[in-house]
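Look at the two complexes coming up: subunit A is in both, with subunit B in one and subunit C in the other.
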Partner chain A sequence: MRLLTHNFLKSNVKGTENGYPLNIEATTLKYEESPVNKPFILNLLPKLNYAAFYSAVQQLSPHCTEYSLPEIPSDIDTSNVDVIDEETIGKLHTWLLDVYLVEGFLVCPDTGRKFPVKDCIPNMILHEDEI
Partner chain B sequence: MSRPELTGHASLFYNAREARKYDSSSRMVGIQREITERAIELLKLPNDRPSFILDVGCGSGLSGQVLEEHGHVWVGCDVSRDMLNMANERIDGKREAAVSTNKDSDNDEDEMEDDSSEDEEENNNEEPSTGDLLHHDMGTGLPFRPASFDACISISALQWLCYSNTKEQIPKRRLMRFFSSLYQVLRRGARAVLQFYPETSEHAILISECAARVGFAGGIVVDYPNSTKAKKHYLVLSFERAYKAPEGLTGVEGALLNQERAGVKVADKDPRKNGKKQRAPKKKKGGGKTKEWILHKKETQRKKGKDTREDTKYTGRKRPTRF
Partner chain C sequence: MAKQTTNDTYLLLIEFVHKHIDFHDAELNAIIEMNDIKVGADCQFLPIPNSAADSTRSVPQSKRPFRIISFSWDSIGSKFAVCDEEDNSNSKVINLVTSLARCTLVRSVVELWGYGPQLADCVKSVQSGQGLERHKMGKHLHSSGTASAKSFESRSWKVTIHTLGSTYNRDEQHEMRSKFAFLELPGPVQMENPDDEYLFIREVELDSAGGAVYPRHSEKKELIPENDARPPLACYFGRILGNTTLGRNWRGGNRLEQYSLKKRLYLGPTSMDSELSLIMTNLAQVKPGSIAFDPFVGTGSILLTTALRGAYTIGTDIDLRVLKGRSKDENIRSNFKQYGLPPPELVRSDNAIYHRHFRNHLPLFDAIVTDPPYGIRAGAKKSGSRRYEVRAVLDEHRHDHIAQTKPYAVSDVMADLLNVAAMTLIMGGRLTYVIPSMLDFDERVDLPRHDCLRLVSVCYQPLQTELGRRTVTMEKIKEYDESKRDEYIQQTWVNGPESAEKVANIRERLIEAAKKKPGYEEKALARKLKRKATKEAKKKAKREATASTDDANDNNN
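Up next, the complex of A and B:
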């Protein structure tokens, strides 16, 4: 799973008020470079919850020191995408689309429910009593 | 037509074996691709920019592949882990191909000219997959924050919600939960195209009713309504109040498509066997096996050299009634 998906994912366990953003407990990470998809990033930015994205990056950073990934600015005005320069878009692309959470857990901030991630696929299946 | 929906839960039906069969069947791949192309056409997405699309019931990622070819980024969710594993294999394969071609073109461009095989040429413009996968049951509501996606597609999945596998699963409740969460996670102005196979017209009505109740406008588009094979139902949903579902495709085109896809021309059905409606009229009670008929039958059997009982005075006589 990429941070792109993480940014939109929320827990919908019964009794959860907000369930967003999910905390990441990473075991294995993966970095795969891909060509920068600028139009997509620009299209996405207004919808992106930048605070959640930034905190997710902070949670993952210690686990991927081997890849020397770029630092991202702590705040971006996502409402005006025209002023964002190419370099920043490249950095955002790297973190949004090129970093994968392979193994680990996603933790609901409200209930503490853990969703296991295996082979890049988070298991969001709910038990009968959680629906 | 067999209905896997009746056999049990989707995650049980699409086990490792069934998932592989599904993914490697060229007929299945062809049909899924065709449906996805049509669904994308119905979505009417802006051409100039890539969209972020939710694929509900993505299965082995066949529909995701088509979305990728159109340049979109997608998130797929499915209830069958085995199907997702197939999708994961595909995504990994694509990524590796992309990485290897990138490396090749960086390092040994000169050598490449000599020994570039067809495979590598095909892979040359390969890009890593843009899809992400999620193991999730759509009947329990989509786990995304509001206004996440630019569009939603679903190929041959929605009918699974019409069946209940346990006592707790009430089809209507699951459909309502799905549609109300779909209404939330889509961006205002987005569209959803959900192709499904309703078993009965009640299912189609139930599905479209639930969609309308949560506030969606739109309706069901039926393509090729006169063909048993090519007939497809698309539930097209929109936020615009005035939105009317477009007309479905009809006519010869459908028949042609159907024949091309099958690869083999199938002759028209025997008109004598055409449906159950033209059943032979029922024989009158008491008619049928008369003494003459039995004697005639025995005669023909004897002529064929078959072992037949002698004709006696009892032949063809009515059995005594018990009471």
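Up next, the complex of A and C:
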């Protein structure tokens, strides 16, 4: 799972009000560089919840020291993407698309329910008593 | 004819493969629109000869593999280019060759120099047309007025005769070719890779399998005089576009073959064939930078094709086993890796409760392309207990508890799919899905609907005498209003959820129908015995294999 997907996932077990953003407990991470696709990032930014993305990056950073990944700005005006410079786009790309959570958990901020992530696949299925 | 060729127009002849006939127009229109080419303002479709209803031997255009599109000559070179090579120097110019080459079902695109019902009409039309003069000028060979690499005088050429499967011998072909000798092309004739390949097409009536309705020769290869004397439906002459890069058979060579299912490492019983997947990604207008979603991803065959079109892909499924694949080297990701594509995002979630897995503030996807479960090869499941009273899961079991699932009615599968599409597609984004059906399915009233989605196209593909499948494309035209959710879902089936019953459990229905046929019992018994024999043979082989390895181990010890 990349952070892009994390940005759209939420927990909604019975009784949860918000369930967003999910906290990340990382066991294994992976970094795989890919070419930057600027139009894609610009197309994506207005759809992104930037605060949730930023907090996810903060949670993963301590586990990624071996890759010396860039820091991202704490806030970005996603409604006006044209003023964002190339360097920032590259940094956003790295964290959105090149970092993978391989093993770990996504944790509901309200109920503490843990959704396991295995082989990069988050298992968001709700149990029968959570529906 | 409604409109004749004038000096101001530039005509293209589109030649389709004689396959998936019902998809021809839908795919072509989707690609034309995706490339921002506006039918009406930029170009018009002209009727092909003998297609008008009042003509005596009329065959409607929709049953024939040819279309003629007319552009204004002024727009060639300014708004559109027809050169072989992709020219990025002027991004405002749309290259018709590379744009249309994305159509899976287009065989070739020809710069049409002349056409008519019969050979003589076609020759006359070429003589009075502008094709040759314009070609001499070379203006249309390059998009932004760059100097032509090869002058008209030095361009090598050949004339190909295409008679749609009817056989004409060398002399007869030469006779047809000689009618165009007046062009006096100055360059050298070259059979292999010429600069210009000219094409003469003699169109005749074809049956649905692509064979001639009135074959020129019998099976014993004897000429059938009355069929030979039949005039053609139409004759076309022109120059093949993209000749040096794509050749005549645009879809030939390795373009499709390299994506063939057989070559994929990971396959399942529900994998979609690659040609239909490629058509679906065109119907859904998936392009580089799109975000494409498949809520019933299965083994990922459709998702892979959307990624081939340059999309960033997200797939979900309720079944964790298909997402994980068979092994480390046989799974959805390994298929993507095989084609050098960026890995897809896979999430195990339940499309019946999409809105509880994903935040739904903003439309996210440019395209949803999917083959929903209809209980044909894999029955649909959704989250929840089958019991009336749900038992609580103990906290200490929570982390490794296997969530219960229950059957998911096809009427609900479709209602949820359309509603998720309405909720998550961007405005103008497209949903393309496959729906199987038997002859009792009436697409005018039985297809599911949604207030926010417009029906774009329905393409029918016969599979067996009674069974077929439709590929349906819808477009989001209205903002989704969460407060109307129940209303949207209630309006899915105009004729009530019974429509969905027509597409559900087709396998069972086919078996029921087969049981009524005479001789079913005997055949079923024979098949059963054969299966049993194969199974035992396999078992035996396995036993022997283990026995021999045991021996080997014994020897080592």
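Rule of thumb we're sticking to: the second predicted complex is superposed on the first by the 131 of 131 C-alpha atoms of A that agree within 3 Å, B and C clash if a C-alpha of one lies under 4 Å from a C-alpha of the other, contacts with A are read in each partner's own complex, and residues count from 1 in each chain.
As a convention for this text, contacts are C-beta pairs under 8 Å (C-beta built on N, C-alpha and C of every residue); 3 or more make two chains touch, one makes a residue touch a chain.
Computed from a prediction, not measured in an experiment: that's the story for all the values here.
> Subunit B versus subunit C on the shared subunit A, clash or fit?
On the superposed model, which is not a single observed complex, subunit B and subunit C clash.
> Should A:Tyr67 be classified as contacting the first partner (subunit B), the second (subunit C), both, or neither?
neither
> Please indicate which partner A:Lys114 is in contact with in the superposed arrangement: first for subunit B, second for subunit C, both, or neither.
The answer is second: A:Lys114 touches subunit C but not subunit B.
> For A:Ile125, is the partner it touches subunit B (first), subunit C (second), both, or none of the two (neither)?
A:Ile125: touches subunit B and subunit C.
> Check the residue A:Tyr54 against both partner chains and state whether it touches subunit B (first), subunit C (second), both, or neither.
In the superposed model, A:Tyr54 contacts neither subunit B nor subunit C.
> Just checking: does A:Tyr31 make contact with subunit B only, subunit C only, both, or neither of them? Give me first, second, both or neither.
Touch status of A:Tyr31: no partner.
> With both complexes superposed on chain A, which partner does A:Arg2 reach: first (subunit B), second (subunit C), both or neither?
both
> Does subunit B (first) or subunit C (second) touch A:Asn43, or do both, or does neither?
both
> Clash-wise, after the superposition, say which stretch of subunit C runs into subunit B: 148-156, 184-192, 238-246 or 346-354.
That would be 346-354, the one stretch with clashes.
> Determine where on subunit A the residues touched by subunit B overlap those touched by subunit C, and list them.
In the superposed arrangement, which is not itself an observed complex, subunit A uses residues 1-2, 4-5, 8-10, 12, 20, 34, 37, 39-40, 43-44, 47, 49, 97, 119-126, 128, 131 for both subunit B and subunit C.
> Could you list, by residue number, the parts of subunit A that touch subunit C in their complex?
Subunit A residues touching subunit C: 1-2, 4-5, 8-10, 12, 20, 34, 37, 39-40, 43-44, 46-47, 49, 97, 100, 113-114, 116, 119-131.
> Please output the residues of subunit A touching subunit B within their complex, sorted ascending.
Its residues touching subunit B are 1-2, 4-5, 8-12, 20, 32-35, 37, 39-40, 42-44, 47, 49, 97, 119-126, 128, 131.
> Residue numbers of subunit C touching subunit A in their complex, please.
288-289, 291, 312, 314, 318, 320, 323-324, 333, 342-343, 345-350, 353, 355-359, 361-364, 383-385, 390-393, 398-399, 401, 403-404
> List the residues on subunit B that touch subunit A in their complex, please.
48-52, 73, 75, 77, 79, 81, 84-85, 88, 95, 98-99, 102, 127-128, 130, 132-137, 140-145, 147-150, 168, 181, 185, 187
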